[in-house]
Amino acid sequence: SSRSPSGHGRTTLTVFAAASLNTAFDEVAVEYKKAHPGVEITFNYLGSQDLVQQMQGGAAADVFASADQKNMTIAIESKLISGGPKVFATNTLVLIVPRDPKTGQGNSAGITGLDASLDGKKLVICAPAVPCGATTATLASNLGVTLKPVSEEQKVTDVRGKVESGEADAGLVYSTDAKQAGDKVETIQIPGAEKVVNSYPIAVTASSRAPAEAQSFVDFVASEAGQAVLEKYGFGKP
Amino acid sequence: MTRTPLPAWVLVAATVGLTVVAVPLLGLAVRIPWADVPTLLTSTAATQALWLSLRTCTLSMLLATVLGLPVAMLLARLEGRRAVLVRTLAVLPMVLPPVVAGLVLLVTLGRRGVVGQHLAAAGIEIGFTTAAVVIAQTFVAMPFFIVSVEGALRTLDPAYEVAAATLGASPTTVLRRVTLPMVGPAVLAGMTMAFARSLGEFGATLAFAGSLQGTTRTMPLEIYLQRETDTDSALALSLVLIVLAAVLMALPAGVRALGSRGGRVA
Amino acid sequence: MSASSIAVDATVTVRDVVLDVEVEGGHTVGVVGPNGAGKSTLLGLVSGELRPDAGTVRIGGQEVAGPRRVVPPHRRSVGVLAQRPLLFGHLRVVDNVAFGVRARGVAKAVAHQRAMTELEAVGLAGLAGRWPAALSVGQAQRVALARALATDPAVLLLDEPLAALDVAAASSMRVLLAERLAGRTVLMVTHDPLDLWTLASSMVVLEGGRVLDHGSTESVLARPASRFVADLAGLNRLAGVAVESGSAVEDDHAVHLADGVEVTGVPDEVAGPVVGQEALALFEPAAVSVHLSAPGGRPRNTFGAEVTGLEPRGALVRVHAVLAGGQRASADVTPRSIGALGLTVGTAVVLAVKAAQVRIVRH
Amino acid sequence: MTRTPLPAWVLVAATVGLTVVAVPLLGLAVRIPWADVPTLLTSTAATQALWLSLRTCTLSMLLATVLGLPVAMLLARLEGRRAVLVRTLAVLPMVLPPVVAGLVLLVTLGRRGVVGQHLAAAGIEIGFTTAAVVIAQTFVAMPFFIVSVEGALRTLDPAYEVAAATLGASPTTVLRRVTLPMVGPAVLAGMTMAFARSLGEFGATLAFAGSLQGTTRTMPLEIYLQRETDTDSALALSLVLIVLAAVLMALPAGVRALGSRGGRVA
Amino acid sequence: MSASSIAVDATVTVRDVVLDVEVEGGHTVGVVGPNGAGKSTLLGLVSGELRPDAGTVRIGGQEVAGPRRVVPPHRRSVGVLAQRPLLFGHLRVVDNVAFGVRARGVAKAVAHQRAMTELEAVGLAGLAGRWPAALSVGQAQRVALARALATDPAVLLLDEPLAALDVAAASSMRVLLAERLAGRTVLMVTHDPLDLWTLASSMVVLEGGRVLDHGSTESVLARPASRFVADLAGLNRLAGVAVESGSAVEDDHAVHLADGVEVTGVPDEVAGPVVGQEALALFEPAAVSVHLSAPGGRPRNTFGAEVTGLEPRGALVRVHAVLAGGQRASADVTPRSIGALGLTVGTAVVLAVKAAQVRIVRH
């Protein structure tokens, strides 16, 4: 990708963003470009951890938007970030249960929340090692419940996939995932989940060759216009 | 019979080809935290994953062989459009990204799937079981077996099969006592590939079977998870797969040596 | 073992082969013909290796290939010795020979026993434990023969069974075959007239994918239907039109060759010539003498000719020559006379043969 | 020559084998939101990913062939321990979970990798370029090519090569005019497998090359991303791969038919 | 084309073959021996297909295989016609024949032209466009011959070049070979003495992986070193110890057989017997008459024997018999006398041969 930081012609920003941000950021970029016609944006959407690893491997990014604090911290420790990160969105956990695709009826297993209604049912959650799993573990211990999942998925998308397909009776996912799943699932809010917030930090990278434009993008994401788009896709306010 | 010697440039080129593979492995060796290796490899999670991988890969290899062999035989007899059709069907799982393969299995054999709903009605649920792992691995590995064996069957001189038939051997006997032994090396190669492909299988398993220690979390899934914590430990775990591969490669060679016939035949 | 007849009346289009051949049950029929004549094709039709594009193949009266049905090879009870040994490389010699016996469900030990007996018969019991790859070509062919004989088939197809064998082996295999072919229905392809004399009661001549002649070995070889058969029988064969002989000898008949030369000879007892119709003059090379100019004395036939080749044959030399009209004839003479006459390729000579040694047959 | 017929049970078994593959695809067909397919497939993201996949897979297939062929030839001549060693090396990328393969490439060829740092010093940066995609795909696909071709070379009767040599052909000529044409079907099969494996490649590409639209985001990565939004659309996108696979399978058959020699030889 | 000599002095352990063979440049040497004698092995050593475990192979004085170095086949300029045709299935017939010419860097069109000439020579120009799979076995062998001849090699190795050919084709190939082998150094394996007479100036006899005899074709066949060679030469061969003849005829010598029977004959001019040493009695089957009891009249040799087989051969029948001492002999008689004497396998007979028709040679 070509960059001309000194202003002639177009500048291309490479944004490394967590895969879960993909539709939202695509739209944010469209809005941003309206205000900054000279700037092109390409996205590298992958798991936050893949992104950090690639930056460690020398990948040239201008902006890094992580789906969790942990990977942003690793990025900072690896001296990949310039300045301080800014949290631009949050996400909380919800319980989803499948809806019957024919009848549209949901919750045939009669699940009411993280309680005894899950006994003998197939619950899927994220593995503790991954960000959504860490959040899940915190929530469970906050609530004092012991979860007995049939699978500890390695991506939240896989939790969603298992519930959407009806393979699992219930799954713990982010509210954005629940929103993406649309009417394939029914969402059950968990009291106390709002206290276990997963934050999305964003920052300009140390290696950016267009730090000014990068910063303007970061600012735009945090701006009202940016936040409006993110809200549309189910993200919470920072 | 002495074989004609290989031209020198082939040796040079082969060295280049092997280097392409060897150098990244060297990179791996440099990165691995060798001191932590013993601890890592003896953790419950790792050993459970290893045994699960061994068990499921062996089963998948056998299933791929049993299911793939007849398909390869049929395929080798077909010509023209029918061959294209069957071959396309047979190798499709190879071109699907593993995750898609897993999703496809989920929407078919899952609790609400085309087939799965009937199974579920009969009380059989595959999802989240070790069986699901085996199915996912078999699905993605079988095409490699089929393609390998079909090629060998197509180059087999049919005169030997005819000769066996004129000696009174039924088609089944011909198959068992002539065709299969004659394509033996290709069958072994196919089984090797099926096992190897199963051993590295990640996406389909994840999407279809889930990931639970001891039940569905195979070695690749364990490695992936380990990577969330520490990339270098993940690389160390993949050492196990490399050692397994080496043992695997030594096996067919051993089998071949055992059954060695001192060459080819007029 | 009941002897089944064979009846082939079939076409293989891509090979331009159209054959009509019948073999009586229990008989051995020799199949001869130039390379590419369709001999192996005939055998392939009977074994089931080939499917006819039209027509039928019957074995023992039962249709085994035809428009309606095709019986697969393993249900035809036809033993085959192909032109290549086709030994199974993954089985040791003895297991190759036992293969057909085992395929019939015979116990391993019994089949093994049987295989050893067959290997002894072909003189290779000592190689029982070898892999086929470690055999010489002639050894492989003998193993293949043992394998074909081990199944005791009622119908046996042999494609040049003795081609790669040494003289001694060929001779003892002939003795073995004479014994083992008795009572079976056999089609045997060969290029060696000795095989015909020793093993076959009758023969079929194929040329260009068609049946040219068939009948008892004696009659077919005695009255060669083509140059090829004459070559096989080792006879000179001049073709022309039968005329009344101008000779004094009463029984003699003559054949007019295209270039006006006349050959006088004795009419064949079975198929004598018809005056005015095509006829052949047949005589052995040994009966021909070579001169530089026409010799005196009658009743002798003489032909002007040019030497085209000299072929040493043990104590004698065969002189090949082409007559003025383009037909070929050869003569067996001593090396001494070659020297005396100064014969080389291109020498103009006169060939002479006594009328009494020439047979004239209808063509 | 008519081949001996297949026993009936083989046909039955082949049907079972094919069903195992066909049914999941049926499941796929049922789930795909057919109405959205035209929009999905004509989106810029999808078409860019498709072209990228086609270009990189073709290159990877060719690279796997060029690099793999000499390795296969060398391997086919080796016996005993040396064969095990080389074969193990050659097939290792097959057993590594793709993500590990990608990581291994990253730590080797990345800007800070064992080799990559020297390349970077020379101004060559591979990571996150289309070249990285090709390398990742070649790395994982080459073993399938090698195994397939090695098997064929081992079953080749060396007498033909010797015959060519006695006719005065140098080893290179023997290779070019005899060996390669004689194992042609296996080479084609190997190339097919390499292409197919590249087409479905996901993990290694992701880890080594990233997912930049138009540069490194191949079809499998695009499907992966699409799945974040909607599983069914992801399945619809994988239709493209299935169609590609069908075309691919038709190709070698066509090539084969073109070069058909009416059978085998004495 | 300079004629290179060949010298093989080499061992192939796994085949139990130890050979010492020399061929003068420009000569054609026939190689004969039973199946498995090591004939193809000898050719393989010269072509480079086989590497000796010990010893050396030299061509034109240059060591091409030995402890120090091995010259690969394509650098030996040795043309080979193997026992199998080994045509390349992916090349059409004409391209098969052109292969060796092309490999020498000759332009495609020129090589093609040359290939067509060679195909015409073997009579198969019409099949130039065929795939090898669509050839009959004999056709394939002729194409292989054309392919071997097309490269004009100084050294040519022919392994049964005419084995699968029909009589007519074999005869015209012999003419072709006689012409094309002239001036080259050739090793030709054959089972047909006719090939030896026509094409070879000298011969090597192999048995059991060793050289048994070698020399001019005439001398080797005239004094057969083994039963196998006698069979090849078509001679009866009785072995024993030479004694002074008791006969009245001055020149006659006698051979004592193991069982006390004496055979009287004429001592060989070149290698007459030495009294008290081993000797052979040689005579043609045609010279032997068969009786039910000893016939009168001298000088005749008579042997009591038992008939072991009857083999029809055209106009005559060959009677195989075993003598009291276990040695074998055969006689050619008319079918008429078979009937008259009532000969069948097992009949006790007396074989008679005139002393003048028996040659006694040193063993």
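Should a chain be cited, it is by its letter among A, B, C, D and E, assigned in written order, with residues numbered from 1 in that chain.
Keep this in mind: a contact is a pair of C-beta atoms (placed from the backbone, for glycine too) under 8 Å apart; a residue touches a chain by one contact, two chains touch by 3 or more.
Bear in mind the structure is a predicted one, so any value in this text is a computation, not a measurement.
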item: Path length in steps (a step moves to a chain that is touched) from chain B to chain E; value: 1
item: Of A-D and D-E, pair with higher C-beta contact tally; value: D-E
item: Most remote chain, CA-based centroid, reference being chain C; value: A
item: Most remote chain, CA-based centroid, reference being chain E; value: A
item: CA centroid of chain B to CA centroid of chain D, Å; value: 14
item: Distance from chain D to chain C - Cα centre to Cα centre, in angstrom; value: 55
item: Centroid distance [mean C-alpha coordinates] between chain E and chain A, Å; value: 88
item: Overlap residues in chain B, where contacts from two or more other chains coincide; value: 1-2, 4-5, 103, 107, 113, 159, 162, 164-165, 170-171, 174, 224, 227, 231, 264, 266
item: Multi-partner residues of chain C (at least 2 other chains); value: 48-49, 72-74, 84, 134-135, 137
item: In chain A, residues with contacts to at least two other chains; value: 53, 161, 165
item: Complete list of chain pairs which touch one another; value: A-B, A-D, B-C, B-D, B-E, C-D, C-E, D-E
item: Interface residues, chain B side, partner chain A - complex; value: 103, 106-107, 110-113, 127-128, 206-207, 209-213, 216-217, 221, 224-229, 231
item: Residues of chain A touching chain B in the complex; value: 49, 53, 98, 101, 122, 124, 127, 129-130, 149-155, 158, 161-162, 165-168
item: Complex interface listing, chain D residues touching chain E; value: 159-160, 162-171, 173-174, 177-178, 181-182, 184, 259, 261-266
item: Sites on chain C touched by chain E in the complex; value: 14-15, 32-37, 39-40, 83-84, 134-139, 141-142, 160, 163-171, 174-175, 178, 191, 193-194, 197-198, 221, 227-228, 231-234, 309, 311-314
item: Chain C contact footprint on chain D (complex, rising order); value: 1-2, 4-5, 266
